[in-house]
Amino acid sequence: MDAIDTMIGMGRETIDMIVDAGSFVENGIPGFTLPCADYGPGAVVGSAKMDGRVCTIVANDAMPSNPRFPVVTSGIIGMEEGYKMAMAVYRSIEADAGKPLADKRPLLLIVDTPGNGPGKVEEIVGMNKATGAYQLALAEARKTGHPVLAVVIGRAISGAFLCHGLQADQILSLSDKYGTMIHVMPLTSIARITKQDIEKLTALSKTNPVFAAGPEFFFRLGGVEEIIEAPDAIRDCVLKHIDEIYRLKAERQTDRLGPWGRGELGEERGGRVTRKAVMQRMNEQFAAVADRYLRA
Amino acid sequence: MSTWHTLQERSFLESSARQRAIGLVDAGSFSELVGPLERFVSPHLPILGEAIEFDDGIVTGVGLLGKHPAIVISQEGRFIGGSVGEVGGAKMVGALKLALSIFESLQQGSAAEAEARRPIVLISFETGGVRLHEANAGLLAHAEVMDLLQDLRRKVPVVALIGSKIGCFGGMGFIAAATDVIVMSEFSRLGLTGPEVIEQEMGRNEFDASDRALVFRTTGGKHKFIMGDCNFLVGDTLADFRRQAQHVAQMSMIEIEGMRRIGSRGAVERQMKLVAFAADLRPRDSTDMWKALGNKEPQQLIAASEEEFQKIAVRWNA
Amino acid sequence: MERKLRITVGDKTREVTVQELGADGHPLPAAVAVAAIAAAPQRRPLDPKWSTIQRDTNERMSHMLPYLTRGSKVFQPADTVAVLNAVIRSGDRVNIEGNNQKQADFLSDCMCKLDPKQINHLHMVQSSVPLASHLKAFELGIAEKLDFAYAGPQGAAVAKAITLGKLKLGAIHTYLELFARYFIDLTPKVSLVCAYEADKDGNLYTGFNTEDTPLIVEATKFRGGIVIAQVNKIVDKVQRVDIPGEWVDAIVQSPKPFYLEPLFTRDPGLITDTHVLMAMMALKGIYAEYGINRLNHGIGFNTAAIELILPTYGEELGLKGKICQHFALNPHPTLIPAIESGWVQSIHSFGGELGMAEYCAARPDVFFVGPDGSMRSNRAFSQTAGHYAIDMFIGGTLQIDKYGNSSTATAGRVAGFGGAPNMGCDSHGRRHGTPAWLKCGEEFTDQQNLLGDVPRGKRLVVQMQETFQEKMASSFVERLDAWKLAEQAHLDLPPVMVYADDVTHILTEEGIAFLHRCKGLEQRMAAIRAVAGYTEIGLQAKPAETKSLRAAGLVKTPEDLGVDRRRANRSLLAAKNIRELVDWSGGLYDPPARFRNW
Amino acid sequence: MALNQLHFEFAPATPRAFPVAAVHYGVVGSGDMEVIIEACALAGKTQVTVTTPVTGFDHVWQLVLGRFIDESQLADAHISINDNNATPVVVSLRLRQALLEIGE
């Protein structure tokens, strides 16, 4: 493990590092079936145990390419992948339906994805639905009481991070010492598209978290809960946060979790300070005219 | 002057975000919330020397559709492509949160009253998604919006109205997909990846972004209607869109839930069938898909007026 | 020893060498043609001293013969380079057909594959060089000298090639001027033209996009040159013979249809409120004022806006039947609503616009449609019509100097003139009178001063230009960039599109300057300043002077014209996007894919 | 390069007070601008703040705005403009249209 300099492309290995030894059963979620064995091969889903507790794993596998959709390679989330991930979540929710909060299985998202399928067929069929479906599934899991924890081990880029990560209760990230990438777009592309000077952007990105790339900046914006310093610390950190999420859900402190919780955290950490003021003002202004709309 | 009556016959495609917001709800009923006078401008654009807008490119407010309070979110494509940054994102999130709280407060009263006054959310999309100048804040706001869409499920219908120049792409393409009902005109587009990026990824021979006919065939209103991604295809006036919104406001929540493309295991299973269909077909062009679905003359569909088209188009049905 | 066979064509007999025979033993068509020339009854035997051109051509064509399919003038696309190699010699004057619309692109590409060691120093004489391959021939050293009219997108490449010494510039012309030189001192030896269809005998159908072909072929073939055509399709019988097969030496079906640039298509979606304001000013202040009935519109959003408010604002002003009835004009899609509303009686076109063929064919009362049912354009005739038979030219530019000279040249770009100056000038050979022409002449103070008591008319030449363009680039300048360009590119004179002495009106969003009504240059300059807004030129305007110019009717603001600014918005446009143009046309207009918005 | 803020003050000869609390008009598209005009007690003067990425045209702003004030005699008002490369003609047009919004 000492030799590891990056975890990019090691989605499957990471599962084994985190879960109880030998406990991962690929596709082994109750009721979960696939149309074919190599369906959405860039997504790995299944059940495992963590400290003896059953959990659902949803991870990226950067190695295989999708045999039916050629643009889907190297961990890209294509349509099959997105729906496969969504199905894993829905089946997990169903498996624990009616159980008390404490018995809802956690969902662990292992994130290493460079994007969504950028192809013509994807647009013809509607790539946006696949990733949208997965996000809604995760939101539903979270709201029905499942702890949902994402851990970024490699690439968490733009739309793919939105779908695989940003709907979690909490997000952890491996330190950028391991090449971890979290961003919407590399600075060079931002510079090209916004017609800004790259030197200026680079200088600004050192201090301004809103467009800079990297886990540190997302941490300051509340987008990342905690940064994990080394791969061998992932398991403990994951277990700690799952316990914390269980506790917060039990205490009905769900406002401190999920995308909304990250908004609040971003304010605490000084990263997104206008957000709250905007919403407060909206509520005040509505209050002043509410009668017109509620009693019309 | 943008009076409501003159707005009704106005082209939706030509209308600004504010004109759309005003015209989509009943005459004189729109109250803008956190409007330009509040001057919540982007704190990030000035650092980059980029022009700012007093409403940050998103109009939010409340109006009425009959007795239904309508929470309106309307994006302005002319300001930095309708992109979503921290302020605009917060306005969207705040408006959706407001819809939820209106719903909850109405639940306090009689059930009949709550039903009769059930709020509705109208989102007039015109955006490419995240604003790159404040990308991280924009991205996080997208996640918040999605989270709230799930909160509103089976409570408050969320309607996507897509009829503007830029269409709805990027992260906002996910958001639109996750709404309850999608209304489009044939002049607008919905998707994830913009044409230029597809060209860049696949090469010009596969996808020529300057071929607008191809671009519209792939992501335009007519195609989305055939694929079932858009529930209603309407004409290009504000009145056309408003009438459709009004219609949705009166539908039952069960009916509305039935219009969804995604958001349940059953819906996902239906989509998986569509993906499998595409995997078998390997369409080189959306018209291959149209033909496979039983549309014999794709060219006729392209040329057809919106009304004619609705009569003859065969749609995907899982 | 050379073996010769005797063959008979008509009533004449001639000897043919064995090399001129096809595999079946019959003479090849070019040999037949040569035989025919030799056999022509009215022709005396050729005196070698006076037929050097023809003998040279015959010799070259004999090298081309092996590539022609027997019994026809057709050669295979794969043999194109070899055919060109057979007929082109170093130092030749060569024409590659192409204007701002259709392009003989395949032949142009193939010409670049010639070996520059074998074939070089070509002198290109052609309307335009908008393709990359046009410039490549210079970079490769195949071509050396250029006489042309328009460079469009290759303007920068032309400038660069000149600077690098790769291109020797003859002159930049206007179209009509260059066409004229084809018949005087710039006759092509080899012309590479293009057409929609050909039959095996070389009859060409150039149809809707006839454009420059007849002129090039006539100039070339009647001076013993060689004409090679690329065609989209070889057919048994062409739809209409636009060019007789006798004037075409060889044809090839190009792998792809020839490139056609939709240069005159303007998306109404991009017309701004300012364009509408200026269009309103133009209609009220110029069209109505002079009763403009015979005219040409330049390319641009300003003129597109005028076309699109004819059925709305024009109708309201009661101008239908009084203005805009006869055009020399490309088939502008934005004119469809006015045509459909019955404004226009006739349009003769320089070229064909992509997507408009079916519409034009379906409106034979308006367009020049042949007995076969398709339109024919002809640039030479339309340019002539535009030069002599119109009363007004109105168009935009890039820069206007303080004297009123205008130019589209910018530093580093040799864009050329195209055909606009043939219309944006006074035709001094004109002798027929029309009310608009006579009224303008009467008002033309400085001209009258030179003529004494003899009346003479004047064409209206209107420059319609916003004071600032995108990114605050000023339209009014102290000195045209054309001067700088002339230095950089070693031009004889700065390329001026429209000279100040030809301009009658400058129309900006600030107002209209009636330059021809002014006395002398000083007053003209004051009138220009008065409409130049907040540009450096405009800022030199003196309020008192502007006031007196307005009082004298030499400058008119929108208010002076009674144009209501509140109405100046896009809602006045009869069509607001391409789709609405299609609707107006009843589905006959088929816009190019890149302009579609549905 | 940050955004530039320009400030101007005008004193119209025959002041006409702005009749409503505030009006907003326009969209900050490329080559366009938005404006807010608000009533504001300024002793018969009008102040203007322009926020723009463009530099070097301060004198043009001064003139365009001056002409607008001359024509409208707008007084006791504060005008806020967000500009994105609007040309003078667009600026004049939007200012006039803003007044038309309130029926002036």
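We just call them A, B, C and D in the order they show up, numbering each chain from 1.
The criterion applied here is as follows: contacts are C-beta pairs under 8 Å (C-beta built on N, C-alpha and C of every residue); 3 or more make two chains touch, one makes a residue touch a chain.
Just so we're clear, the structure is a prediction, and the values are computed from it rather than from any experiment.
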item	value
Chain closest to the middle, measuring from C-alpha centroids that were averaged per chain	B
Chains most often in contact, by C-beta pairs	A-B
Between chain D and chain B, distance of the C-alpha-averaged centres to the nearest whole Å	34
Distance between the centres, which are taken as Cα means, of chain D and chain A, whole angstrom	46
Chain centre separation in whole Å, for chain C relative to chain B (CA means)	45
Centre-to-centre distance between chain C and chain A (centres being mean Cα positions), rounded to whole Å	59
Of all residues in chain A, the ones touching two or more other chains	200
Residues of chain B engaged with two or more neighbouring chains	47, 50
Junction residues of chain D, two or more chains touched	1, 85, 100
All pairs of touching chains, each written as two labels joined by a dash	A-B, B-C, B-D, C-D
Chain C partner contacts - residues on chain B that touch it in the complex	10-11, 13-14, 165, 186-187, 210-214, 216, 220-222, 302-303
Sites on chain D touched by chain B in the complex	1-3, 22, 24, 27-30, 32, 34, 36, 38, 51-53, 80, 82-85, 100-101, 103
Residues of chain C that touch chain B when the two form their complex	269, 570-571, 576-577, 579, 587, 593-598
Of all residues in chain C, those that touch chain D in their complex	273-274, 277, 466-472, 509-510, 533-534, 539, 565-566, 568
Contacting residues of chain B [partner chain A, same complex]	31, 33-34, 38, 40, 43-44, 47-48, 50, 60, 62-64, 67, 69, 86-87, 89-91, 93-95, 97-98, 101-102, 105-106, 117, 129-130, 132-144, 146-147, 149-151, 170-171, 173-178, 190-193, 197-198, 201-202, 206-207, 218-219, 223-224, 227, 229, 261-265, 267-269, 271-272, 274-276, 278-279, 282-283, 285-286, 289
